[in-house]
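In the two complexes below, chain A is the common chain; its partner is chain B in one and chain C in the other.
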Partner chain A sequence: MKLNALQLDALAEIFNHGVGQAALALSELAGEEVQLSAPKVEELSRTQITDKLNEQGANRICAVRQGFSGDINTEALLMFPVDQSLQLVQLMVGDDFPLAQLSEMEQESLAEIGNILLNSVVSSVADMLNIEFEGTLPHVELGQVSEVLHTSESLDDLILSLQINFKIASRQIQGYLVFLLDVASSDMLEKKISAFLGSLS
Partner chain B sequence: MSVESSTGPSASRLPIWLDWVLYNTQSGLVLLDADMRIVFANKWFLLRARLLAEEVNTKALLEVFPVLQGGHFERALVKAMRSGFPALMSQTLHPSPFPLYAPVGTRANENLLRQSIHIVPMGPVDVAIAGQRYTLIQITDVSPTFARERMLKAHADRMSDLVHIDALTGLGNRRFFDESMAAEVRAASRSGAHLGLVMLDIDRFKQFNDLYGHPAGDRCLQAVAEVLKAVCRRPRDLVARYGGEELAVILPDTDEAGAIQVAKDILQKLRDLRIAHADNLDQSVVTASAGVYAGQPHADASVASLIQNADQALYAAKNDGRNRVFCFDTGRNAALAV
Partner chain C sequence: MKPKLLIVDDSNVSRLMIRGRIAVLQPDWEVIEAASGDEAVALVPMAKPDFITMDVNMPGITGFEAVEKIRQTDQRVRIVILTANIQSSSREKADHLAAKFVQKPVTQASMQQAVDYFLAAP
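Showing the complex of A and B:
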């Protein structure tokens, strides 16, 4: 474990602020209320995340990936079981589509939804922990959990996982937001959180 | 990276090849300064916005394009410029934010282009060099992809229709009935609405087939189907061929009195057709019997039990002498004549 309970709590609070902002933006987009649950923040291994998604019966997942670089380098992934990603797009777009897979255009709308959530969460981290980031545009990946997660082996030092539940029109959709960090970045994050906690006391 | 050279009204001070690249790029490029003023817009964009460079350069973006004010685009742009993180706006969620049209401006071609938009603000490192945060808006015309997907969906819809339609009568088939019934029961239990169900069976249809032959039997079924279509004309009424000579009607937002009326109308209209049926006992024409069930399904209501109630009423109508409507009474747990 890289972070202690107090540090994880502080992160959860910061993430929650970002998730709240994202819920507002997504509600505006959907034209109806989108509720996002307060995320539970955990340090998990790749295997544990894979197991959690597999427990949901998600053999194949759909992920929105963005990279953030600067004081801290991280790959952020918002992952859904494929059927959940279909439902989410269907609810946001307000359209029923007979196709069993996300079309190109629908994948793009999933990228937009993920982009809103990832940018909000990372903005909160940047603002509250005083970190400068550059971000990339989102892209959508489809595949086995292990394939999607195992792309960058160096980003293995710290993996933060947030379980996020979307609630739209009385339907629940469960996703995972994962941040992969390398050694230098996880050390820096730990330092920044300590400074943040120090500034509070 | 230097942006200084492009701040003039024309990009003439750029290296010639860079000027040429921007001129020939096949997507729209609009560069904004930190005050949301247009520093540069490329030819692709200007042609489709039907504007000249001097009409946009140094002007405020939201004044050049007032339709963007207060919408999703402005919110996304403001957020991106503030956070420094790139944002994407998908065609599916925002079809055509910018008033862009096909460049050949014939009147037949006045549809707004379907747009996929990337908003890319400068990151902190480049901001430090440039002295302010510039933001690049990149617009791709996805109209062809949109058209292709719409065609694909229309095709998928048609395939779905084919597996849901009974070839002989043109009514929904059993699969359609089962799927619709499950969906309507769910919808009614959520909203607390009434749901009516009518099951119909053509009286002594086997004898009709024996007497007049199967082609006549097919024509008879088609005639009955037309009666059902004529009576159940509300957009959400669902009519299906449930089995051989058994037909079913799902009536959303319909209470018991309404469902009984529909059943009676169907039976009357069918008698009025006066299709000869010499072996229909005391009747000389084709008739049918109907079983009705209507109620407000609970969230845990089983579809099978609702169908069974209507079926029990149908069975009672048959036993009572045919050519009549029975309705299932939940209170007494029995089918009663109406």
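Showing the complex of A and C:
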């Protein structure tokens, strides 16, 4: 897949709407305003994403992985530095939650947060591109960026990357969202974006 | 008899949060739980809940499939589909199954929406 500038721009706009939904969900969880940066949509290789996250000091990350299938098959990954994971969990359950119980439920809480955020984005994209997705159960993984991104595909294949920064007044949480698409799905996505652009004229 | 709510969600955290919110809004309600759609389908004829909150994305059958099975024998129970999957198609499926669609996350506001639906005249 090699999207042109207009297609990438359209995709950024579509994701922008999805990210807005995710922001709304996060702010409802946090009970305060959440600012999300405009999403940066790029086609990057796994190596480039790894380098980018490493530059941001996120050598060890926590990732929530969820598959979505339909006209387009994609694996969505929400990644953030591992030291922010507890803050995200506290967002969900509240600061008063007993610490012992919190660490017990950390993985499950992260899976649910990932489920909410990834579904917010994917649902919005699905509606705007007129496609339907079925989601798998979210899984939480901890490790180096390269380990989490490593699949059977080549590290140099281009994948769709969407970077967003979460900013919450009381906390600073940065997240990175990646969509892994197979070749057939990339072609279909290109067609759907073209159709979306065609519907605008 | 106390109204009975069945919470169906594979996430223990979500069940805990729903239970906590309901305890604030409706402290008199009896609350029971199921961790999957299959478990809910088996539980409903015995437990006879008045209300159900149903997650969609769970191991085994989906929440929609579970509601479809429950509806075959129970048209009375009021059901809220409580999910992060906010695609239009999900909302349409909920309508089709005579259930109310409420969007996750679990907050006081979303639970209030569910309770209002449960208590509204059918």
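Just so it is clear, the second predicted complex is superposed on the first by the 177 of 201 C-alpha atoms of A that agree within 3 Å, B and C clash if a C-alpha of one lies under 4 Å from a C-alpha of the other, contacts with A are read in each partner's own complex, and residues count from 1 in each chain.
The criterion applied here is as follows: a residue touches a chain if its C-beta (ideal position, glycine included) is under 8 Å from a C-beta of that chain, and two chains touch if they have at least 3 such contacts.
It should be emphasised that the depicted structure is a prediction, and the values quoted were computed from it without experimental measurement.
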Between chain B and chain C, more extensive residue contact with chain A: B
Chain B versus chain C as contact partner of A:A111, first or second or both or neither: both
Chain B versus chain C as contact partner of A:V178, first or second or both or neither: neither
Partner chain(s) touched by A:A126 [first = chain B, second = chain C, both, neither]: both
First, second, both or neither for A:M92, with chain B first and chain C second: both
First (chain B), second (chain C), both or neither touched by A:L137: both
Touching partner for A:L29 - first (chain B), second (chain C), both, neither: both
Doubly contacted chain A residues - partners chain C and chain B: 25, 28-29, 92-93, 105, 108-109, 111-112, 115-116, 119, 123, 126, 132-133, 135-137
Contact set on chain A toward chain B in their complex: 25, 28-29, 68, 70, 89, 92-93, 97-99, 103-106, 108-109, 111-112, 115-116, 119, 122-123, 126, 132-138, 170
Chain A - residues contacting chain C, complex: 21, 25, 28-29, 92-93, 105, 108-109, 111-112, 115-116, 119-120, 123-124, 126-127, 132-133, 135-137
Chain B - residues contacting chain A, complex: 72, 75, 79-80, 83-93, 116, 118, 120, 123-125, 142, 145-146, 149, 152-153, 156-157, 160, 190
Contacting residues of chain C [partner chain A, same complex]: 10-14, 16-17, 57-59, 83-90, 103-105, 107, 109-110
